[in-house]
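Please find the structures below.
Presented sequentially are two complexes of chain A, the first with chain B as partner and the second with chain C.
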Partner chain A sequence: MSKASETILAVERVRKRFGGILAVFDVSFELKAGEFLGIIGPNGSGKTTLVNLITGFVKPDGGRVFFKGRDITSFMPYRIADMGIARTFQMVRLFYNLPAYKNIIIPLCSSRVRRLGAGRYGEKDDMAVDLLDDMGFERDSYVPYKTAGSLPHGYLKRLDLARAMALRPEVLILDELFSGMSLSEVASTLPLIEKFHEEGLSIIMIEHRLKELFRVVDRVLVLNFGRKIADGSPQEVMENEEVRKAYLGIEVEIL
Partner chain B sequence: MPDRKGIYRKKRLDRGIKARADTIYLIASWREIFYLLLPRAFPVGFLLILPAVLHGYWQKVLVFACVYGLLALSWDLLASCGLFSLGQALFFGAGAYLAGGLNYYLHLPPLVTVPAATVGGGLLCAGLLAPVIRLRGVYFAMVTLMFPLLLMRGIETTGVLGGTHGLSALSPFPGETLTAYLAVLAFLACLFLFRRLINSDYGLVLMAIRDDDRAVMSGGINIYWRKTQALFLAGSVGAFAGALMTHHFQFLGMSAFALDYSILPVAAVALGGQGSFAGAALGSMILVPLSESLRALGGLRIALYCIILMVSIVALPEGLFHYLERKYHQFETRAEVE
Partner chain C sequence: MIPTLLVYGLVNSVILALYALGFSLTYGISGLANFAHGALYILSGFAAWNLIHHMGIPLLPAALLSVALTGMLGFVFYWVLLLRIRGIALAELVVTFSAGVAILEILTWQGFYGIRYSLPVFLRGGIEVGGVAVDYQRLLVLGTGVVLVILLWLFVHHTRIGLAFRAMAQNERTALSVGIESDWVGSLSLAMGAALAAVAALVVLPLGVMESTIGYEVLIYALAVAIVGGLESTVGMILGSFLIGFGQVAAARFIGAKWMVIVPLAAIVVVLAVRPSGILGRFKELEERV
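Right, the complex of A and B next:
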């Protein structure tokens, strides 16, 4: 079996109930190493809960999650991050009173980064600024040194992405990275993510901007009311009758 | 046009220099050097002279102030990583009983018992509180408040470690002045080290845990392990204070777990200001001598003490230290209104 087709992340029949609402019900899928998977679905269809279930922020009521064949279902979020699954947050979670680059220092202090032979004493500041430079925070401008709270929303989203990338992950999960970004910000961020994909990173991307999503992903998974209703190539998914019904014709515009 | 001559307004100017830009020290002139050095050197020098000039009663007050100062610093460290403790008495008592027990039963000299109690007390406190480290805010505070009470009543009813009578005739430190110097030096060292610590990347992670623990977790950092480390550090400092007091008094009793040791450090931080350690230090250096000098008033002492504390908290919620720091960096001049 070639490395490209190896399963890196497997989700098996996970379910989660919040009170009377089935947020996620019996969702299973596999992510191959180096694959770019998109997850779409109407609001409240359980996309973010699915991310929380994979990254350990929410414990599933049933089902299992495997990372490289290892059962990570009951692991704490920091352990899952430590193994190499990094995520961004839909509502960015940053330290607003710190300079932007200091936000990147925190994952650089993790044992994962130390294990990978980086982030030694005295290099973390430079590494953080380097990483932000790649994300479009020009090192010679004032932007990386301003407090995060004073930056515009698009920068915060990219800062959150940089924070996830600082972990040097093997799987990157993007939870609505583009929400609230302007078109030009999306246009400048999308090539970054495509570059990560080309470098071999496995990516799961949750997105409402279907046009951009369908352009870059290998495969799309569709959720509705917590259930998986479609899984296939962007073309197959767009032609799926159930998906069209769930989206009430939004796909027609894309086609 | 009305005559507006002689009307003045207050003009405020913040000093433009960024004294310390992470790694670059801007030293332009002697004036700048003194400007930076004076607020640091003056309190340190003052504290170092005090044990030599004070005698008897006021020397004891100084030791007390340093001990409460250490407890306040330890409280501030825990608060920096989001753990609000109401149980500094646990740290204090653990150190006191470890040092006292080692000295009384095994006849070890203070040179051994104090370091042993410092490390052992830190381990004990971290061990006791590690299981509840997932609790946040008031829930963690409640548990820390209960621990000293539990141990106090445990010692009272079972009679272990001297029970209600306590352990007496413990080895003293050689000389009162030496004790005072030990207290002052430990206090200054702790202040310096904690301030360095919180400005390092390690401290950055601790403060980030306070601000948003989930974001820190998603950065692959084991927040519970970090919090346990902070508990060990804070516990060690508190335990050192306890061990020091035990040998200073040459007596050890259940009062080592008294509520005073939990509440007064919090009051000191409330007065001085949280988050910079200097505030905690300043607060305890004011509160303890103040409470001693009010002793002549008898029963009214506590009432007056409470009023002073309340007024300071209402009038200066940011804390005295942060207020002074801000004012130090501002020029205030009177400019004529044109």
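Right, the complex of A and C next:
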């Protein structure tokens, strides 16, 4: 448990304005190593922008982001990925013209994975299929070899997760992984994520399915209009008056 | 008459494909239209000429050195001129076109035109194919075209960098999120495009006399092939080369030699008016965004 006190990711007063809209305003939080943090908030509250600010896809107007004590605020996305922060995309972005397993081979060929020690290029096919098998792409079926673009949405979401995990990240950021998934797909994917957490991975999960989220996370951070309005245990957050107001009755569903 | 048309149509088509190969490769991978492509083509020819005539280097090493130098120039070009404006299509066009014009005008100013500037052929002599006399250099052009296309296919489909190229071509953001350095891939694609221009120059230029204006012609041909075939399709590029290549030879034979120049220009106008994405091109990106 001594490891749990170590901060792996620290966000300090980050701020981003798009035109006249304050997408993220002075948001600060810390993620401990091995912690599972949920981020919730109504639509347009700045959740995805916050992920983009952390992963380098959007440059903040102010504030800093630290990964393991190192300032990564001005780093390019590929460098941040290379250091060990992997993400999925809310709007799935894959290499649609490639077979599913080739989508996994690309991160397996990254300099990060090579540094951490991985097989040669030819051996990576098996590694990719192994990883996909874990995600519910049956190894013996044709599914891992189908062109990504021809797969149903639920598979694409899990392929995106496999792509992020193939980087062997230290921090995994899931941006609405469950949106568009069927209930049974959520039910089979959630235990996987819990397993990653148990194995020590630090996870940030943005999710609209609050029931599932509250069951698995250690802590919840709530955004509204780009500002942090609550940060605490799922219990504390649910009882928070401001959160209840922001969600206007949706909390009934959570409980 | 028919065999002559076939053989020279084939040679002409492969020459066009060689012109377009590097341009299409760079564009296909990083979306960068390198309008200095033609300038790099003729520059590599003059570089080889200088290596041979002023430094006394034999033909083959001089040619290889010229390909390497041109590739390196493309690489440096990216980091010095393009890095800061990447993604702004109009700025990329202005910068690459200006650089191309600068190279060509400097060559002209330095007096690099005239009959004495020609590269030696790799092989002298020739044979007869189906009653048509073909010199070895033209056969070398054919062989180079076929070998380059095969090598590029193997490279793109069976190497790590090739896979990164394909990833980058399909989705830059996702490529970034799996740790692919977009500027590294971009500069490599420009370097390879430039080196391919040099390879084309060194096999094609010995067929004639070198002058800086060839740089403009090569750019127009590369554009014509890319526009007719479809910008993102390799098969389209080959198809475009053959349509224009045979079209030119047929026009020269049946209408008159001066019509050869008109064919690629007419092809550009017709394709843009009728089917702007090219014969096999698709505006995937646009469809996705709408």
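Criterion: the second predicted complex is superposed on the first by the 253 of 255 C-alpha atoms of A that agree within 3 Å, B and C clash if a C-alpha of one lies under 4 Å from a C-alpha of the other, contacts with A are read in each partner's own complex, and residues count from 1 in each chain.
Simple rule for what comes next: contacts are C-beta pairs under 8 Å (C-beta built on N, C-alpha and C of every residue); 3 or more make two chains touch, one makes a residue touch a chain.
Everything quoted here is computed from the prediction, not taken from an experiment.
Peer 1: After the match on chain A, would you call chain B and chain C a fit or a clash?
Peer 2: clash
Peer 1: So, A:Ser111: does it touch chain B (first), chain C (second), both, or neither?
Peer 2: both
Peer 1: Should A:Arg209 be classified as contacting the first partner (chain B), the second (chain C), both, or neither?
Peer 2: Touch partners of A:Arg209: none, neither chain B nor chain C.
Peer 1: Would you sort A:Lys32 into first (chain B), second (chain C), both or neither based on which partner it touches?
Peer 2: Touch status of A:Lys32: no partner.
Peer 1: So in the superposed three-chain picture, is A:Arg64 touching just chain B, just chain C, both, or none of them (first/second/both/neither)?
Peer 2: Touch partners of A:Arg64: none, neither chain B nor chain C.
Peer 1: Considering only touches as defined above, state whether A:Arg93 meets chain B (first), chain C (second), both or neither.
Peer 2: It touches chain B and chain C both.
Peer 1: Of the partners chain B and chain C, which touch A:Met76 in the superposed model: first, second, both, neither?
Peer 2: So A:Met76 meets both chain B and chain C here.
Peer 1: Is A:Asp125 touching the first partner chain B, the second partner chain C, both, or neither of them?
Peer 2: first
Peer 1: Quick one: classify A:Arg244 as touching chain B (first), chain C (second), both or neither.
Peer 2: In the superposed model, A:Arg244 contacts neither chain B nor chain C.
Peer 1: From the superposed pair, tell me which chain A residues show up as contacts to chain B and also as contacts to chain C.
Peer 2: Common interface on chain A, chain B vs chain C: 55, 57, 76-79, 81-82, 86-87, 89, 93-95, 97-98, 102, 105-107, 109-112, 163-164, 166-167.
Peer 1: In the complex of these two chains, what residues of chain A are touching chain C?
Peer 2: 55, 57, 76-79, 81-82, 86-87, 89, 93-98, 102, 105-107, 109-112, 121, 163-164, 166-167
Peer 1: Quick check: in the complex, which residue numbers of chain C touch chain A?
Peer 2: Checking each residue of chain C against chain A gives 159-160, 163-164, 166-167, 170-171, 173-182.
Peer 1: Note which residues of chain A are touching chain B in the complex, please.
Peer 2: Interface residues on chain A, with respect to chain B: 55, 57, 76-79, 81-82, 86-87, 89, 93-95, 97-98, 102, 105-113, 124-125, 163-164, 166-167.
Peer 1: Taking the complex as given, what residues does chain B use to touch chain A?
Peer 2: Chain B residues touching chain A: 22, 201-202, 204-205, 208, 211-212, 214-223.
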